[in-house]
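As structure tokens, here come the structures.
Look at the two complexes coming up: chain A is in both, with chain B in one and chain C in the other.
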Partner chain A sequence: MTEFFQELLVPFQYDYMLRAIWVSALVGGVCGFLSSFVTLKGWSLMGDALSHAVVPGVAIAYIIGVPFALGAFVAGILAAGAMAFIRAQSRIREDATIGIVFTAFFALGLVLISLFPSGVDLKVILYGNILGIAGEDIAQVVGISVVTLIVLGLKWRDLMLYCFDPNQARSLGLRAGALHITLLALLAATTVAALQAVGAILVLAMLVTPGATAYLLTDRFGKMLWISAGLGVVTSLGGAYASYFLNGATGGCIVTLQTLVFLVAFVFAPKQGILASRRAVRKGAAAPASRPVT
Partner chain B sequence: MSNTAIAAENATSLVVEGVSVIYPNGHQALNNASFRLGAGTICALVGVNGSGKSTLFKSIMGFVNPTAGTVRINGMPVRQSLKQHAVAYVPQAEEVDWQFPVSVSDVVMMGRYGAMNFLRIPRAVDRQKVEESLKRVSMWEFRDRQIGELSGGQKKRVFLARALAQGGRVILLDEPFTGVDVKTEDAIIALLHELRESGCIIFVSTHNLGSVPEFCDQVVLINRTVLAYGATADVFTAQNLAKAFGGVLREFEFEQSTIQEHDGQKVRVVTDDERPLVFGKDGHLEYMDREKHEKLLRERSEEND
Partner chain C sequence: MSQFFEPFGFSFMQDALLVGGLVGGMCALLSCFLILKGWSLMGDAISHAVLPGIVLAYITGIPLAIGAFLAGLFCATSTGFVKRNSRIKEDTAMGVVFTGMFAFGLVLFSKTPSDLHLDHILFGNILGITRFQFWQTIGMGGAVVLVTLLLRKDLLLICFDPGQARVMALPDRFLNYLLLGLLALAIVVALQAVGIILVVAMLVTPGCVAHLWTDRFDRMLAISCGSAVIATVTGILISYHADASTGGCIVLVQAAFFFVSLLVAPKYGIIARKLKR
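On to the complex of A and B.
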């Protein structure tokens, strides 16, 4: 029995595992926090687009020797700007615009990486490399996370109002444009941080799944923030930890765990779960003359 | 400047002067629209779809900048008046995400954001305003409901309460009676009357022509520009409406009214909605006085029984 517990503590004996676990948990928490806004604003596709659009930024950053986070952030903002510009200047619909822009950026990234193969490993960008994260990269992730948490912590009510009713925000004299750009910049920044943990392909899960799960579990925005951030921390921690025993990809483990939690909520959530909905329908059918809400 | 002049300048007013709006795609939504409203009025904004009603609302709220002309609220430019939270907006039901995880009191609290500090942490005065506003629309007992769990009339009242909590002196309502039961409609109208008494300007965009004479004392008729504005009895004429609506409305002429005795025996019904607008002899408005009308209907049904 003691052996079994000792076995469970093994991952904590390795510095690289400890680092991977706490950095994942931090990134997961920040992404989870932001995911409440992303899911309610309907920006899931935007998150996916940004996570792919940052690739050329990372490549250029490695080539010219600046911090990867800077390159990725600039590329993300440029992509968001390009989408806004195309949408404002043409009749092309939003989903097509997003499709065009993010594939264009991603393709440019592929070209750059194949032209300068020594600079950066494509697999690291696509799948992340949390087990190999060190020094400067950790500092960048921590920096992004701290800034994001501070901004969200201070301005979450304004951002909530902006997501819920941008017109009301404007008519109260709040600067809706500034709120829009703030949210977009936070999205780009956390995308960059999450890139390290799970890679470009799975970033979207970190930015959507915890928020979507929390949305099924509560109908108060304040609670939703706590639940989604908490889920982000716990699933990332658990996923990174489990990846040691499963010997699997850390990103894959984290996202699989998030999906499992989502499925549990999807089925069993007290009000929004499919079981609860069935119950409500049966109850409604049993008492057809029930009083409508007046 | 004398004190009275300053007071007059700061009094509640809405002045739209020569406003033109041309959108970036070249579409001219408004051309040289002008009117002015003084304190204590309920004014209907009437026009067909695409006549520039929502563009006019947007320029009053500062969402679009007029290409020419000015909007002044309480004597100030729009931007400045927004900073003082002078303009409250009650949106159409379709504009709201009813699945959003907020409660009734959360929504009403959003009316207070402009008056709160940087962190938007509610103070006692904000909570008190929210409670007062919710009680005023009889929604206090629903304060913890998620907004999607309300009926159409209740939803409307929540957003009215938000406007009350905000304390705006100019209140814009977009189609306030769509999806609302008659009881709530009466309650809303009673509340609007109270607000008018307290000096507010209530500006109501509606296509529900029949209800306009019942509760609006002024009307602005628009079709890309202001066709006419002023007291309801003067502006809301068959001739003006024909100008505003062209052939869009259904119109019926009866040689004899089936509902009400007329000296002229001839009635015109104009409608694009469940409640028709009825002109009697010489184009005078029927049903100006709702209670009288309903009493008459009751008497008639009693007679027939």
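On to the complex of A and C.
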């Protein structure tokens, strides 16, 4: 029995595992926090798009030798700008616009990487490399996380109001444009940080799944923020830890765990779960209609 | 100029150009329906979600294409299930489902010793296509094109005006599932050419290009297919000469077509609209 427990403690003996675990937890928490806003605003696809669109930025940053977070951030903002431009200037629907822009950016990234193969490892961008994360990258992740948390901590009420009802926010004298850009910038910055942990393809999960899970568990936005941030931390901790025993694919483990938690909430959530709504139907009362959180 | 077309002499390039052209045309055909129906990102979701299907098919020894197809359908139906049974919005549900499936696929993949190349699944490997894959692509791709063309009027109606379709007693549920099935099949076929990540571009961009040029659906289909085939062939040739990622080049040429159309299209282009004002 003691051997079994010793076995469970093995990951903690390695510096790289400890680093991977706490960096994942940090990124997971920040993404989880932000994911409440993303789910509420209906920006899931924006998260997906940004995470792919940053790839050429990373490639160029490697080629010309600037910090890769900077390149990624600029590429993300450019992509968001391109989407806004096309949508304003044509009759193409929003989802199609997002599709065109992010695939074009991603394709540019692929071509750049295939032309300048030395500097960049595409695998690292796509799947992250949390197990090999080193000093400078950790500093970038911590920096981005701290700034994001501070901005969210100071502005969450305004941002929440803006996500719920932009018109109401405007009539209360909030500057909707500025809030929109703030949220977009936070999303881009967080995407860059999460790239490290889970890679471009799975960033979306970190930015959506905890928020969606929390949305099933509570009706109050304040609580939803805590739950989604907490879920982000716990699932990232757990996933990174489990990946030691499952041989790599850290990002895959983290996101699989997040999805499992979502499924549990989807079935068993006290009010919104399918079991609860079936019970409500059987009792003869109408199932609780989807009510906006307050 | 003859140098530019030199690759036509190699048989692997001939295969690649043929397969690429077919896949490009097939995806372009479907893209017209998808952008009208607002399903652009369904292609994104399904294309990622096929990964666990491929790995599971490899483990159990059934053809990879079948596993991929079933996983794609599972993704689409479970997105619908989550949406209907909770208050989560469709786009969020889609994000949760497909990332979950992709992550599960990655974990499975890392636990399964295999001769599958994740790179080939992700980015396609059109230059190294085998004979079997060649005929598989021609057969399945041809079937998708045929069914789509034969049923284009019905499919158009369920995309454009589902209410009207129901009034006309079209089997709209069946047609919706048929469109989903065609989409999943097309993605499976296209995977070999451009890989998971860029299938989305082939399923969105050509339709949007055509949408900027015309108001008539039959013309839209023709323009979409034509632009996609030209873009695919040009992309493959460029990638040969520049020694760059094939999928990436194809998608960049398509994006360039879109950008040019956005500027100069006769009625909906930016220049035309500026002049009218």
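Please note the rule applied: the second predicted complex is superposed on the first by the 283 of 294 C-alpha atoms of A that agree within 3 Å, B and C clash if a C-alpha of one lies under 4 Å from a C-alpha of the other, contacts with A are read in each partner's own complex, and residues count from 1 in each chain.
Definition applied: a contact is a pair of C-beta atoms (placed from the backbone, for glycine too) under 8 Å apart; a residue touches a chain by one contact, two chains touch by 3 or more.
Every value quoted in this text rests on a predicted model; they were computed, and no experiment measured them.
Asks: Does the chain A-based superposition show chain B and chain C clashing or fitting?
Replies: Fit: chain B and chain C sit side by side once superposed on chain A.
Asks: Considering only the touch criterion stated at the top, classify A:L174 as touching first (chain B), second (chain C), both, or neither.
Replies: A:L174: touches chain B, not chain C.
Asks: If you stack the two complexes on chain A, which partner ends up touching A:L161: first (chain B), second (chain C), both, or neither?
Replies: After superposition on chain A, A:L161 lies in contact with chain B alone.
Asks: With the two complexes superposed on chain A, say which partner A:V281 touches: chain B (first), chain C (second), both, or neither.
Replies: Neither chain B nor chain C is touched by A:V281.
Asks: Return, as a multiple of 10 degrees, the angle whose vertex is the Cα centre of chain A and whose sides reach the Cα centres of chain B and chain C.
Replies: 90
Asks: Determine, under the contact definition given at the top, whether A:Y215 touches first (chain B), second (chain C), both, or neither.
Replies: A:Y215 sits against chain B and chain C alike.
Asks: Quick one: is A:I100 in contact with chain B, with chain C, with both, or with neither? Answer first, second, both or neither.
Replies: Touch partner of A:I100: chain C, not chain B.
Asks: Have a look at where A:L8 lands relative to chain B and chain C in the superposition and call it first, second, both or neither.
Replies: In the superposition, A:L8 touches no partner, neither chain B nor chain C.
Asks: Please work out whether A:M224 is in contact with chain B alone, chain C alone, both, or neither, and reply first, second, both or neither.
Replies: After superposition on chain A, A:M224 lies in contact with chain B alone.
Asks: For the overlaid complexes, name the partner, chain B or chain C, with more touching residues on chain A.
Replies: C
Asks: Nearest approach of chain B to chain C by C-alpha atoms in the superposition, in Å, rounded to an integer.
Replies: It comes out at 7 Å between the closest C-alpha atoms.
Asks: Which parts of chain A are touched by chain B and by chain C alike?
Replies: Common to the two interfaces on chain A: residues 215.
Asks: Using the touch definition from the top, list the residues of chain A that touch chain B in their complex.
Replies: 40, 88, 154, 157-158, 160-161, 163-165, 167-174, 215, 218-221, 223-224, 292-294
Asks: In the complex formed with chain C, which residues of chain A make contact?
Replies: Contact set of chain A toward chain C: 39, 42, 44-45, 47-48, 52, 86, 89-93, 95-100, 103-104, 106-111, 113-115, 126-127, 201-202, 204-205, 208-209, 211-212, 215-216, 246-249, 251-256, 258-259, 262, 266, 272-274, 277, 290-291.
Asks: In the complex of these two chains, what residues of chain C are touching chain A?
Replies: 35, 38, 40-41, 43-44, 48, 82, 85-89, 91-96, 99-100, 102-107, 109-111, 122-123, 197-198, 200-201, 203-205, 207-208, 211-212, 242-245, 247-252, 254-255, 258, 262, 268, 270, 273
Asks: Quick one: in the complex, what on chain B touches chain A?
Replies: The touching residues are 24, 61-63, 79, 82-85, 87-89, 91, 95-97, 100-103, 106, 110-111, 113-114, 118-120, 146, 148-151, 153-154, 162, 166, 181.
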